[in-house]
Amino acid sequence: MLENIFSNTRDKAPYVHNITNYVTVNDCANIILACGASPIMADDIAEVAEITSICNALVINIGTLNERTIPAMLAAGKKANELKIPVILDPVGVGASKLRTETALHLMKEVNFSVIRGNASEIKTLYLGNGITKGVDVNDADKITEYNSAQAITMAQEFHKHTGAVIAITGEIDIVAGYDKFYLIRNGHPMMSRITGTGCMLTAVIGALCAANPDRILEATVAGVCAMGICGELAYSKVTSQGQGTASFRIYLLDAMSNMDDDMVMTRKNLETLM
Amino acid sequence: MLENIFSNTRDKAPYVHNITNYVTVNDCANIILACGASPIMADDIAEVAEITSICNALVINIGTLNERTIPAMLAAGKKANELKIPVILDPVGVGASKLRTETALHLMKEVNFSVIRGNASEIKTLYLGNGITKGVDVNDADKITEYNSAQAITMAQEFHKHTGAVIAITGEIDIVAGYDKFYLIRNGHPMMSRITGTGCMLTAVIGALCAANPDRILEATVAGVCAMGICGELAYSKVTSQGQGTASFRIYLLDAMSNMDDDMVMTRKNLETLM
Amino acid sequence: MLENIFSNTRDKAPYVHNITNYVTVNDCANIILACGASPIMADDIAEVAEITSICNALVINIGTLNERTIPAMLAAGKKANELKIPVILDPVGVGASKLRTETALHLMKEVNFSVIRGNASEIKTLYLGNGITKGVDVNDADKITEYNSAQAITMAQEFHKHTGAVIAITGEIDIVAGYDKFYLIRNGHPMMSRITGTGCMLTAVIGALCAANPDRILEATVAGVCAMGICGELAYSKVTSQGQGTASFRIYLLDAMSNMDDDMVMTRKNLETLM
């Protein structure tokens, strides 16, 4: 099911409009390029609709949302819907403040998202329509493990039905749900949580892959989640062998994405399909 | 005196709210994670007090201050004081413009800071209540050397008395003053001034260590200054041995912080205690 | 003609004021430091003129322009003209939105630029006073190759006459035009387009070199273009030999700039002078 997701992206070199945070924006731009797509960052209300119009997908990330960028997110999202290009939401830190929760819920009301990716606490907050998260990290009680994944799968599936979006809940185990199918993905490495931006970067990768594969949103999302996890595994193996730390890990992770292809995804994916 | 500063940070994994600049924000987030703490960047006035409320420390860095973020800095600072969590100020480039000087002085009037860290020109500007600095670097005339450190120590001690904050003046020689004690630290390497953000990163590290050790602000600050200098030394030794440049140095410096522990601080610190 | 451009920069350590985008700002700051100059990023209208006043050059990059920063760009540009220090324009993505095109044209009307650097589509947009570019990348039809460079050279020369600015059009082949001279530069490597910010970084390098060599704007620009390309070549040779990817490439490129000197530029430049 994941055939050609990456090769399509490298062949088409699609454009991805990002309205994102200023913390991880450089990593997001670089990982989109590493996938073979081309990033455009633009967040002024006077140009976002026009920029979306020349792009193949839109990624909205609320990591450092503010009064100036929130209306821009809405305007770009509506334009993307009008043009029927994929829109991906990363509700960073939703639940940590009223502003984040209300903004994300408002965006979900006004914009049809193709994919929503967050950690378990963020998705739970959106699913329940409220909630309290502790900053940008998942709450311990919400973490998905082998023992509680059934509950998270149900939430993902229900949330998918409510929103129509493919739902990706990422953490130690990743869940992707959409169109009566759901997947568990066990790629990745704990060191990924020791650098900033692995979540944001994954969302950017999903944006790139969806831009090139707009009729295969579910597959593109699954491929993106697998690929990111594989990059984490590859990066960790390099760090271990050279006795380095988290900054080298980050470089190796981006390196791995720049060399990623469909074969690597197929060979190394740790994917369980549930129906 | 520096026992367990790092192990407490790694054990507690505290949250650090940062209102900081967009130049070095990614490095600040990554070095906070490298210390074992968790960074949250949020700067909209509509959410900063709420974000501060779920955190264990607040770092205010005026590197790219603007009319939108200055009120947010004030609001977050006041909330942090109300909650009695540590607040750290990095007065980047103070003295280079009226906006910076007035903002920093206003912040100091309205918010009680636990730690203020800057270079000698920045601290001198705040100490005198005015002054002219040349951009974000220390003026040559203000540089602390073995020959003029006595004067800088006096300034640090006086400034501590006026503000109640632990004062860290960093440069070739670092001075930390607080509670009738002062320290000279001779760790570090000149290559640290050839990359952007070593000052900002140090302030972020101090924020992380203070978040986990709120009753040991002076010790946490000293440990942070020593640790950052040690990381610079370790990074330089790797660069030298491989014939690389400043970008590799930056990676190795962050790597070193991700592997830092109390033993390393105790063993390699070059710390002189003056009473 | 390129003698001492780098040594002057390392000797004088000039200050470069940057009003730039939040995507590549960290890379811009680090590469300015790598050249031996000192970056200052400040974009609030309340301080930009004052910051420009303490600097030796100003770089304006419209990559993530917004309603708050556009007036700041104008104010800083006018102050730089008044002080007769070099002003460099990077019209990122001009043609991709009315906001970008109108802003860049307005800036060119109100500010005398010393250097304008962009890709072929961006320069064409400014030259024609309008145009459509596809995001931040060059349009395929505009790419400069061995077969169509004559046309691009004419455009560069004409645009120089209209504006008085040295014009640098960068891509597979780079063109620099100014003062009845023009140059073709064939340094560089295609991997440079697989990371974000090589264009922005080159503009920042030109800013640093012009800051130290204000009477040799044309030579400083040519030296910057050659040096950036050489860094790309050196970085690629390291990546190839170690089987790494684009993130390592970016580190090696910055490393190479931190070790760049006039000898290296003279020895490795692939420069054709046309009169």
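Letters are used for the chains, namely A, B and C, taken in the order the chains are written, and counting of residues starts over at 1 for each.
In this text, contacts are C-beta pairs under 8 Å (C-beta built on N, C-alpha and C of every residue); 3 or more make two chains touch, one makes a residue touch a chain.
This is a predicted model, so every value here is computed, not measured.
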Chain contact graph, described as a line, ring, star, complete graph or other shape: complete
Rigid-body rotation angle, subunit C and subunit A, from Cα fit (steps of 5°): 120
Subunit B against subunit A, contact positions shared by both copies (same if over half, else different): different
Length of the line joining the C-alpha centres of subunit A and subunit B, rounded to whole Å: 33
Set of subunit B residues in contact with two or more other chains: 22, 26, 68, 250-251
Sites on subunit B touched by subunit C in the complex: 21-24, 26-27, 63-68, 93, 96-100, 134-137, 194-197, 244-248, 250-251
Of subunit B, residues touching subunit A in the complex: 15, 22, 25-26, 29-30, 33-34, 38-47, 50-51, 54-55, 68, 250-259
